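A short write-up of the structure that comes next.
Chain lettering (A, B, C and D) follows the sequence in which the chains are written, and residue indices restart at 1 in each chain.
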């Protein structure tokens, strides 16, 4: 027990995290490239066109994974933020901050691809569909988190304050989602929801899975890389930073 | 305990009475925003009527948001907020009391003035009653959620604009339910579900938000 | 009277291995001291040496980046009713509402602290600090020094065993400094404790200790 | 090949999605790399300055 907790503690120490992440990033990057290559080949070339939507449905292969990533990353960010706030673990604070831009980017992709998919499907770029609307609000939550972090000069205070915001946000996400969905059904909006592809063929499902994994690997690689930079910035006076600087020339 | 909370409530109300213009500004803002809508969308009574629930709710929401900056900032500037951390009562309760006072000063007047604006937008009597009821349940939620944003932006440059970005997304559920309640009555349906959900949301906010706000105040004063 | 009645009597204030940071800068570290009833601690140091940060940590307003502050055997953050039940803090701000009168400001603070407001005590305290005749003016009409005195009156009326004073002499004139000094001496004589920062050297009769930062 | 690029008439939408995403992912990675470079350079400069002071 005690040994394990020491192990855990080792990776929360900034220097160890920096080294470990430095070794992991290339692997995740390589996995990202391989998975994206496979997913794109399957999704754009191998998979047959949809009998209703033709080739436009291929947008799904990036729309759905990025939408999932956007939501997952917000929850993950809130968890890290909570850990950082409650147990005052610096690495958790840094991870929360490092996740936000990638999460926001993924959410933006989901919105962008949703709009471009909506045009051929419904004839308009934007429908106030429950999922798109929730994603839009999620994007605002990300932007609020980053704006608050940027507005506070003191790093510790910035981490703590935005952690509170992330936790409030994560409690609200389901409330927002359900109320938007309820609103949507009341107002008889678009009846086709974006992710309901009619009877998904196996090849489509496999492709979607691969693209989702690719999005995960990409997010992990980028978040770890960003967290490394944040660690360096925060710990710039520590002696281990100097050692690494000399080693990496 | 109630003596301290009551003293705080009375203090905030006294202060508001000595500077009534602050509360009146919020009401004025509400009225002006609603009055501008017909200028933008045309005077057709039926069309205005169908937009009225949304217009009134969005205007109320913006008015509450605008007033939030003042919730803690005066106390923050003169140091009374700091002293409040040293009051031997749970900070969450003190913050809740301040939010309640703030609602009495800004939220309640909005509820009371709303029938006047509703008449201008051609709402019928039963719809107006529902509007007031929904606002009565909804504006406390707006104040409670807003108190988190107000605390998180204490002492920041451009805090007012930041509050908007932080809390407006969180205002989506009360907006949907509140405007939806009036809409339901307008279309001859029952607003029972809207009101119960709004009530549930208010109870939840009442218990959950003061602790988040208290944590935020502590962090920003650390 | 002493502070026996409050049940907080004869507790020591102890700082154990305290460290503070502001921004990225370490202000002080490995700070140890202990303060017993009847003692005064004067914290000195140049600007930016962390005097205010130390006082805020002692009063529980800020968290130390390392170390702990104890009140008796309890950590100061976990005292029942919060740190406010054992200490009074006067920071850079006077914490007065400009639209309220001096008397209202004081009485509200007493009520907020859970005490029962005693109008006569408030008035006589204001008089002692040379504010007779000013008690029913909104404090925005008072001068900087007068406001400071109102804040001091409020602090003295709170009657907490530990008083933490950040530059209490700022903007005070000579006679009032004398009044304040006698109040401090009285507080020490009643086995109260005081932590104070000041630029001027003020000679106070009593068990005085000093701590230099930076 | 042309047929592939035409995406059954949905080319603007499909390629608009995929290319914008690819572009922004590249932007994110380049931005990270740039940030890391400039931070490292800055840290080295600071380290050299403190070394000189020490001497």
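To be clear about the criterion, contacts are C-beta pairs under 8 Å (C-beta built on N, C-alpha and C of every residue); 3 or more make two chains touch, one makes a residue touch a chain.
Remember, predicted model here, so these are calculated numbers, not experimental data.
Every chain gets a centre from its CA atoms, and the centre nearest the mean of all protein CA atoms is that of B. Centre-to-centre separation of chain A and chain B, using mean CA positions: 32 Å. Averaged C-alpha coordinates put the centre of chain A at 17 Å from the centre of chain D.
Taking each chain's centre as the mean of its C-alpha atoms, chain B lies 37 Å from chain C.
With centres set at the average Cα position, the gap from chain A to chain C is 49 Å. In chain A, the residues that reach two or more other chains under the touch definition are 156.
Every pair of chains meeting the touch criterion is listed here: A-B, A-C, A-D, B-C. Chain contact summary for the complex, chain C toward chain B: residues 59-63, 81-85, 87-89, 91-100, 104, 108-109, 111-114.
Touching chain C in their complex are the following residues of chain A: 153-156, 237. Considering their complex, residues 4, 7-10, 12-14, 16-18, 20-21, 24-25, 28-29, 32, 35-36, 39-40, 43-44, 46-47 of chain D touch chain A.
Residues 137, 140-141, 143-144, 147-148, 151-152, 156-157, 160-161, 164-165, 167-169, 171-172, 175-176, 179-180, 182-183, 186 of chain A are the ones touching chain B in the complex.
Across the complex, chain C meets chain A through its residues 21-24.
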